[in-house]
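Going by the order they are written in, the chains are A, B and C; count residues from 1 in each one.
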Amino acid sequence: MHYLFRRFQRLFIVMIVVTFVTFLLVNILPGDVAYEMAGMDSSEAEVEAIREEMGLNRPVLIRYAEWVGGIFTGDWGRSFINKEDVWHAIMQRFPVSFELMILAQAIALAMAIPAGMLSAYRPNGRGDRIIGAIAFASVSMPSFMTAILLIYFFSLHLGWLPATGYEPLSEGLWANLKPMILPALSLALVEWTILMRTLRVEMISVLQENYIALARAKGMSNRRILWVHALRPSSFSMITLLGLQVARLLGGTIIIEQIFGIPGVGRLLIHAVYTRDFIVIQGCVTFFALAFVTANFLVDIAYAWLDPRVRTRGAHG
Amino acid sequence: MGETILEVTNQRTAFATGRGLLQAVDGVSFTLERGKILGVVGESGSGKSVLSRSIMRLLPGTAVTGPGSRVVLNGQDLMQMSEGELRRLRGPQMAIVFQDPMTALNPVLTIGKQISEVLTFHLKMGKRDARRKAVELLRAVGLPQPDVRVDQYPHQLSGGMRQRVAIAIAIACEPDLLIADEPTTALDVTVQAEILDLLQRMVRERNMAMVLITHDMGVVAGRCDEVAVMYAGRIVEKAPVTELFRNTAMPYTAALFASIPRVTDPPHRKLDAIEGRPPDLINPPPGCPFAPRCRFAEEACRRTVPELEGTATHQWACIKPLNREVAA
Amino acid sequence: MADISHSNAASAGAANAGTEVQDKHAAAIALHKRRTRFGLLFWIPLGWLIIVAVAAIGAPFWGLPAPDEIDWAYLQSPPSEAHWLGTDVLGRDLLSRIIWGARVSLTVGFAAPAIGVGAGLILGMAAGYYRGWVDEVVGIAIDSWLAIPGLVVLLLFAVIFGGSLFMVCFSLGLLFIPTAARITRAATLNYAGREFVLAARALGASDFRILSKEVFPNIIWPLIAFILIDIPIAIVIEGSLSFLGLSVKAPTPSWGGIIAEGREHLSTAPWISLYPTLVMFVTVLSFNLVGDAIRRRLADVREGAI
């Protein structure tokens, strides 16, 4: 209980720091927002007028406080460029990014779990070495390169899947999934290796445990031993990583959304960066940090499911 | 003569290690009949656990089984069997109880699940029946509140209770052979006797055969029919329990007797461990492996490895057995 | 008769078991050797890296067309005598652009981890040595840092500070601080309580002296191993950044930038994207392989020393 409280405290401070630093960077460093808005050849007076209108002349701390207050009430400001409500813009695009991330993680897990098991089952055996080599090649291949190759083969060469585009779920499940496959695969082909390696290491040590020896002595099949007896106790680090990877993956979605023309938060951010739409940038960064913090909480909950020791301790207070 | 359950002939098990070949079990032979309990006693490192895993055919990949080793269970030669065939024997025909109940149960599965999976897997029982049987088994091994415990996780149970669960798992499919590898070593002294009594009762009630492994001569005293003493991977003396106590032949066995903890000892008194250390199993010394530590050792002891000899009921591997000057 | 055949079988079995044992033994030794000796999987990638490095350093001297020189006769042309790897849509020589791009990738690849590890070293040592509030502040800073996706940080920096090579190295370097600081902090904690450090402290050695003379030499190896991992990572991130057009400014060629330019022409001129992709992949893979071999060797040397 104490531990959870401390964690919460820490995460809260982290949020404050992240938002504050972002705010500072965006607001007081070169490239004054007002200049950006006024345009290239505007007079000093025009710029000043914009400053005044937007309240940019008031102290930074006060403006920060206002902005943070806004975050809690759902008022994240409005885009300088197209006056779109930032919160609304993010919320509209988030489900798309979320779907992409979930799909990517699912594919990564679907690859990592069997591969990690096979590797751990006979460390340094043939299977382990082949999987290790594939993993090695995979990490040397950043997602944007994988994306290029996948587009080249599956879209242009074979014509199986679209190279760009997005269809909402209302168009049907398959129509929605089809353009998502290559993007998700591009992300997963990088992500799976680290999950696999983590699982492998932990499972190698779990397979040395006495309770695995007992499962063998009970005459259980190898498959059952791996999936039922060894997988759950072996996945603690992997689950932790899954949470930590969310931050990385969010970064990954930015570039992948850009390549495949998927209207997610990453694309919103990139567009804001290209157009120097600072308030949107600020909002997106805050949103990413929030997502990261939330993911970490979910990891703690997943722990409780994985490990009955944590669960029952929680139940007893 | 009763029905023979287990017949081990010249079992040799070695491990490939970085330094060379480690001969952990070196030519062990014995037979075990239904309803009987064989005690296997020896210091730590004498090869007892490796022997038990050799019988179950549960050795790690680095293990090498010597040629001519034979393990016959219920008339089936285990050496000739595939892994799949062996799997069908583990549980229904042979089972094992490990030393440390704290680590022998899976922390993420309920104890009910850990018992019932044996039943559903081997006996193809339905889930509901298996659960009911699991509760029954827990009651049989004397676990209080079995219908509550069945849904609990191992960490919610004490060491003694966990060992009862491990026994319940072992006897679930009514095996003919039960191997108990130091089942009480990790437990409190107060529950040791209870667990041993339970094992003994299970063997008698269900008419199984048991190999009871221990490093404590005191454990085998009232419970075993026959006792095999192990040293450096070999059986160095074997006899019915009373005969062994009365006419100890090996100096090593005598030393083990001397190290039994006594009720009169103050608690936590350090036992009279046998002086010296067991031999290096990778480069064993020539001659009797116990000779370097033996008070009675002579020149001849250091030259040749003594073979197991003696009478039909009592054998020893010593060229200068105790109390037997005349016989020799 | 039966007896003889039995003993024959036994001795045959013995011979078999003997070879089986020898096989297992030999395999164990071979495995150990494979793990520690530098093999082909070290030398070949190293060779490639040397080729890339020499090509990049000597880029102006190879007699190649300048990376921004437009050859009107060869717009978007496939590999040919005149242009070995073909040209891009503007008729610029791809080989030349890839070689010049390597300069950016290699500079960032070495500079960014060096900057990050340097800063992380200072922060981590301070946190691990002084503990207390210093530790707390560094911890919060690191957590905050990790809460934002690295690429987002870079985007932010790119838009605020613009894309000079120096800024790219610097902001990318920042990404390596958290892990470097954590490693250093853990190692410092570990050493700061040891006798030789306590003794030095008791003798009145200054904090700086203790940290540089007693603690630093002990944590340098894990950090070197860490830098080895970071080089390919830095190259990959720079690639992503330049793919988004947020690294060095055009017309300076960079691998990610060339790949991005080719993205639009993947169906008509696939070589524009595919060659730099291949070169970048092989280079990153080579760094990974070489780094891995060196790390194993380091671990081995240190184990041997203990």
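Keep in mind that, in the parts below, contacts are C-beta pairs under 8 Å (C-beta built on N, C-alpha and C of every residue); 3 or more make two chains touch, one makes a residue touch a chain.
Computed from a predicted model, the values in this text were never measured in an experiment.
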Seminar exercise, completed: Taking each chain's centre as the mean of its CA atoms, the one lying farthest from the centre of chain A is chain B
Problem set entry | Interface ranked first by C-beta contact pairs | A-C
Exercise. Hey, how far is the Cα centre of chain B from the one of chain C, in Å?
Worked result: 53
For this session: Would you mind pulling out the distance in Å between where the CA atoms of chain A average out and where those of chain C do?
Result: 23
Seminar exercise, completed: Listed in rising order, chain A residues that touch 2 or more other chains are none
Exercise. Chain A touches which residues of chain B in the complex?
Worked result: 56, 58, 61, 86-92, 95-96, 98, 100, 103-109, 117-118, 121-122, 153, 155-156, 166, 169
Exercise. Quick one: in the complex, what on chain A touches chain C?
Worked result: 10-11, 13-15, 17-18, 21-22, 25-26, 29-31, 124, 136-137, 139-145, 148-149, 151-152, 156, 163, 244, 247-248, 250-252, 254-255, 258-259, 269-270, 273, 276, 281, 284-285, 288-289, 292-293
Problem set entry | Touching residues on chain C, where the partner in the complex is chain A | 31, 139-141, 143-144, 146-152, 155-156, 158-161, 232, 236, 239-240, 243-244, 246, 256, 259, 262-263, 266-267, 270, 273-274, 277, 280-281, 284-285, 288-289, 292
Seminar exercise, completed: In the complex, chain A touches chain B at residues 122, 209-211, 213-221, 224, 228-229, 232-233, 306-309, 312
